[in-house]
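The structure follows.
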Amino acid sequence: MSDVIRFGVSLSKGLLTRFDSLIKEKGYPCRSEAIRDLIRENLIRRQWLIGEEVAGAITLVYDHQKRGLVDHLMDIQHDHHKVIISTQHIHLDHNNCLEVIVVKGKPREVEKLAESLKAMKNVIHSSLTMATTGKDLV
Amino acid sequence: MSDVIRFGVSLSKGLLTRFDSLIKEKGYPCRSEAIRDLIRENLIRRQWLIGEEVAGAITLVYDHQKRGLVDHLMDIQHDHHKVIISTQHIHLDHNNCLEVIVVKGKPREVEKLAESLKAMKNVIHSSLTMATTGKDLV
Amino acid sequence: MSDVIRFGVSLSKGLLTRFDSLIKEKGYPCRSEAIRDLIRENLIRRQWLIGEEVAGAITLVYDHQKRGLVDHLMDIQHDHHKVIISTQHIHLDHNNCLEVIVVKGKPREVEKLAESLKAMKNVIHSSLTMATTGKDLV
Amino acid sequence: MSDVIRFGVSLSKGLLTRFDSLIKEKGYPCRSEAIRDLIRENLIRRQWLIGEEVAGAITLVYDHQKRGLVDHLMDIQHDHHKVIISTQHIHLDHNNCLEVIVVKGKPREVEKLAESLKAMKNVIHSSLTMATTGKDLV
């Protein structure tokens, strides 16, 4: 991707021992990867806060048999089609569906869409996953 | 779904005024739907805590050009194929992919899978959305 | 406090059964109190978001033996004395102190203070509890 | 405190530039301190999860004029006196009080106390700040 830079971090022995045990448990191959993950989590939270372009996913669970619901969900999504990339639909059981809508755009627009879907009757669950387009975060 | 029951909630006028203004802003059709959502959020958090069967989504962002990464991601997913329902893949740009893995199973198994994926080198982002199978939550 | 209003909430039997079991476990005396708590949590989150006057607490853990740290912490607090009401200090062990700073004011000012304290060397932990002045939330 | 160890972290130039800008904004004196904070946040979360001895603070907001409430709050606190170190009380206005209870002990006991207080009628707000005794985290 881009040039790799190396810098030094100083830590007490006690803190490092605890950190090494944590990242071993989580399966990290090395300290650098664990630290990059910690840094990226903070940067992504900030991207959503300050309004940079982001990517994410809205997860919905709803009862598709409720009259009019599927049409209504479709209408709202088309109203926001510019921030929606694609959707994936799973039939959980006879009534319940889980749908994941992958989104990309300005945080406020994506959050507005997630709220509209969540507020609908017979939508059992709706949550917004705040991810990233990955730019400058490799 | 099941029988509908109605019960009374008492509130101070000040608190109700603030609540009404909040749910209007969020687009709820009525107080009942807003309160059902608040209740369900708590119940879903508890389902994950006590280990009931849950559904959810793991969102990954990674650089597919990194040697061996795609194979490695595939291997880990196959090791956990029993909790994976399906995946959706988006090409964000020349290098970066966003992938959503829909999962269903015991919370600990799903969390283990999410952690393994997150710890991998060149996985830029991984987060676990804690949703529900919808049973008894309509 | 103010007049009490009563309104009806409708729920499926399955959802109500689960909710009743959750609030019994948490020790709530009745459904109304549990629902008032859910509503207030949301309203308080929004007060912090939109910038209403709030109250809260900053919890610090630090090593008081580090040269200059106590003076430095004191200086920063005096720079923000308008949002600080009082502090409470506990000697955790020979080196470590836990200090709770009760704050009241605009969210941004309080958050700025919390960040400044957190960023200081030898401050081991700092977190901001988002509470409320209680106005209109009884 | 204990011996200081230094190790290297490798990062892409793009990621480092973003990180440097974030920590400058937050007021960190150097990268090491920012990274130590990220590490400690994760370790503290884990201490609460696995049940190590922790320290923390319970923040309450309540209306002291409600009949019996102050006595009741006192009773519950005495039932849990082993995990309570001290409290700080602020008179927010004519009716509302903010109280911070500093706690130390096993996470489950502290959480149980926080839940009991939160469930009480006329307690407007209760939240638990998960901090640390500071051991091995300097």
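Note that the chains take the letters A, B, C and D in the order they are written out, and that residue 1 is the start of every chain.
One rule holds in what follows: contacts are C-beta pairs under 8 Å (C-beta built on N, C-alpha and C of every residue); 3 or more make two chains touch, one makes a residue touch a chain.
The structure presented is a predicted model; accordingly, all values stated were derived computationally and were not measured.
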Between chain C and chain D, centroid-to-centroid distance (C-alpha), Å: 9
Rounded Å distance, chain A centre to chain D centre (Cα mean): 26
For chain D, residues that touch 2 or more chains besides their own: 1, 40, 137-138
Arrangement of touching chains [line / ring / star / complete / other]: ring
Touching chain combinations (by label order): A-B, A-D, B-C, C-D
Sites on chain C touched by chain B in the complex: 1-19, 22, 31-32, 35-36, 38-40, 42-43, 46, 136-138
In the complex with chain C, residue positions of chain D that touch it: 1, 23, 26-29, 33-34, 37, 40, 44, 55-57, 59, 61-63, 85-88, 90, 92-93, 95-96, 98, 100, 102, 104, 115-116, 118-122, 124-125, 127, 129-135, 137-138
